[in-house]
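All chains are identified by letter, namely A, B and C, in their written order; residue positions are counted from 1 within each chain.
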Amino acid sequence: MTGTNSAINTDLGIFCYNSVMEKVIEVRNLRKTYVSKKKKEGFLNGFKSFFKTEYFDIEALKGISLDVSEGESLALIGPNGAGKSTTIKILTGILYPTSGTANVLGLVPWKDRVKLAYQIGVVFGQRSQLWYHLPPIDSFSLFSKIYELEEKSYRKRLNKLVEIFEIEEYLNVPVRKLSLGERMRCEFVLSLLHNPKILFLDEPTIGLDVVAKSKARDLIKRINKEERVTVFLSSHDTLDIESLSKRVLVLNNGSIVYQGDINTLKHGYMKKKIIDLKLKELKGDFDIKGVSVLKRKDYGVKLEINLEEVTQDEAVSEIIKRGEILDITIEDPSLEEVIKAIYEEKGNLEV
Amino acid sequence: MEVRRKLHWNRVFFLEYLKINFLTAMEYKASFFMQVFGMLLNDAALLFFWWAIFRRADVIKGWNMQDVFTLYALVTVSFGLATGIFGNVFMIPSMIVKGELDFYLTLPKSPLLHLLISRMSFSAWGDMLFGFLIYIFLVGTSLQGFLLFFFMTVLSALILVSFLIALSSITFYLESGENVFGDVANALITFSLYPSSIFPSGIKIILYTLIPAALIGYVPVSIVKNFSLKELLVLIIALVILAVAGVMLFNRGLKRYSSGSVFGPKI
Amino acid sequence: MKKKGIWRYNLRKIQKYLEVMKISFLSSSSYSRDVLGSLIFLFLILFIMFSLWRVIFSSNGSGLAHFTLSKMLWYVASTEALMLSGSKLRVRIDSEIRSGNIANFLVKPFFYPLFLVFDSLGSSIFSLIIRLPVAFTVALFFTLRLELTINGFLSYVILGFLGLVLDALITIFIGFFAFFIEDTAPVYWIYNKMLFTIGGLLIPVDIMPEIIKKVSYYLPFRFVLYNPAISCVNFSLNFFIASLVGVSISILVMLFLTSMEFSVASRRLSINGG
């Protein structure tokens, strides 16, 4: 099944999921509800809660469905609390769903957890799998035993990964002495030692500086292409997904609000740019077509460019005529803005 | 063939963790020695207590000072064995609440066994040694006696671990599970160092069941004093029940595991 | 006029320390779960001691010194209430010194060791207010006797308070070792075990062998637990006054030692630059 459609495997990656392509992940109507206790502050309330407990439900996932094809690189984005981590945790067998079905590599994650574990790799950005006090090489050795890898093939594999991720000089340095970026590269190596078919990444670039982030993204992209490892990534950083995935799922409040091509998302819903200016002196106002003032501060101003009315270049060149610029930052609108735009376009506003 | 292969990899797995935990302990030699010192202090203080008590009483419910020292040594070795091999045995509720089980659940090994051996307290081995020394020098014994003593410590340690696994599982069901575990574990440790015979019968029943301090300390020592097949059988049956219950409750509880997300800001 | 001014000046000086004590007292109330845990432990240890001593007394009809079973348990209740209210500052002092946070406190207009004493007392007093009634109630529940006299109780409160001051000073003294050594925990453990043994936590010093009694007499540890507890269950004016003198001297000595240690340490700090 794997080789049948290599003709479709273009440089842009695989983004059409017709039935001929092997589906490695299949999710239908997945729901996850947590029960939580209402917490009250204070001494008296602490005692009170001993006697009367109030529970309330948190619906983390409200029935999501998705498909992922072999070799694909898919991103799940959404604001904090959207349900991204919950989704990954269910697909990797950590959590049991409340209802719905999921199929990863032909296995039900929470039922065939061990069998699935041999075939998937996981990187949680917030949590390390490396032994903190020891050098990475010891963690690698441990994992080779856990995954029952033959010594020779493990060595070969390790050397290859060490080369790709450029961690040769850190192999024998205790993890606690490594920078976050260096540590993350070691985490990736750890997750790929056993040649997994799918790599699950939960916020892999969180906390990394710009350079380290860029490097991490390149490496993930390379692994996805060279080894045909399916990448399932979750993030709330839109730049992550832009460079890593062609297809994106936007999750908000436990539901998928958008599923499709990344470019469509960009051009469809990110039609604005935010400009942060620090000025020495203001010469005139910002009465430019397509530009509106969001906020005025003492020596700066926040502007919004509407890309439907004016191009970024035109707007910026007009803006810089307006004063002596000390600093200028151009940003995409926040993810929340994008999601709001998606809702507005769809015509339903959820509270 | 499959069984042999599985056995091989499990042995490799266990040995690898022995190595990893040893390396970790060596990374922090100062902390290691400090922990051993702390435990020695503790042991010395309690021995002092019993010595002072026995200056005023020859026998306490049929036990003399040697017997109490035996109890002391046995419980010390038992706890040492438990945390020396299954170093996380007292940490399970905390791991459940903090979502630290995630790591083990994504790997192809039994999460329970894996989480237990991923930490081994090497300072506990120092404690164990001290316990053996107390028994050999303060109590005195023959080779046969020592072997019986050792066998009882192993049995006691297994009962302790099984019970703690079962107890930890309430964390899956009760929000205050971690606190309940802490209280019961503390009570267990405290009670196991005193001969259960001094307590009224109502409490004794609890010490043989809900808080099995008697099964961990008193009864094993009683067997060392006077070998009794009946008592040995009681211990073995208790072990089987607790072990089965422990594993079952834990695996059942995993279904309810919420990976800490509920109590944290991110889901 | 001038006299009034001096009083007000001194009052303001003391006020800041009292304020620290008040804050510490109030913030202790947010740890309700920990309180419950330690109350459970208190109940258990008293129960165990009662069971143990009951067995010993029943076979040792003559009694031990001038203790009855009932007095013995009230004794343990008194020591445990104080022990559980002891200063918990060592960990915080240790980490503040290591992290360098202590610099924040050195630039403030107060005497840091004294500040710490009041801080410690705030939470200790809160602790005692909760644990004492529970300890005595449990003792009453088991012994069905009230081994408490007005004099005894008052003397216990006074000596107990002073004992907590002494405990705070010793703890702070140990905590300041963090300026000089790697880890202060082992030193603190030794102190803790001293309280446990010659401080008379579970067994009154009277019952111990002569040598131990002598050693205990010349060391300050008994003033933290043993003296207040004995005064409570076996009040005698002579003993009370002797204890007052003893604990006051100990406090002054510890205050001196701690101040010395602190000035050596802070001089070191300013030389090394933190």
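Basically, a contact is a pair of C-beta atoms (placed from the backbone, for glycine too) under 8 Å apart; a residue touches a chain by one contact, two chains touch by 3 or more.
These numbers come from a predicted model, not from an experiment.
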Open item on the list: As a test of understanding: of all chains, whose mean C-alpha position lies farthest from that of chain A?
Closed with: C
Open item on the list: If I average the Cα coordinates per chain and compare with the overall Cα mean, which chain comes out closest?
Closed with: B
Task: Inter-chain centre distance, chain A versus chain C - centres from mean C-alpha coordinates, in Å - done: 54
Task: Geometric centre distance via CA averages, chain C-chain B, whole Å - done: 32
TODO: For chain A and chain B, let me know how many angstrom lie between their CA-based centres, rounded off.
DONE: 42
TODO: For chain C, write out the residues touching at least two other chains, lowest number first.
DONE: 33
Open item on the list: Per the contact definition, I'd like the list of chain A residues that touch chain B in the complex.
Closed with: 34-37, 58, 60, 80-83, 85-86, 89, 92-96, 110, 113-115, 117-118, 120, 122, 124, 126-127, 129, 131, 133-134, 138, 141-142, 145-148, 174
Task: Residues of chain B defined as touching chain C within the complex - done: 30, 34, 37-38, 41-42, 44-45, 48-49, 52-53, 55-57, 59-61, 179, 182-183, 186-187, 190-191, 194, 198-200, 203
- [ ] Could you please specify the touching residues of chain B with respect to chain A in the complex?
- [x] 9, 12-13, 16-17, 20, 23-24, 27-28, 101-103, 105-110, 175, 255-259, 261-263, 265-267
Task: Of chain C, residues touching chain B in the complex - done: 33, 36-37, 40-41, 44-45, 47-48, 51-52, 54-56, 59-60, 64, 182-183, 185-186, 189-190, 193, 196-197, 202-203, 207-209, 212
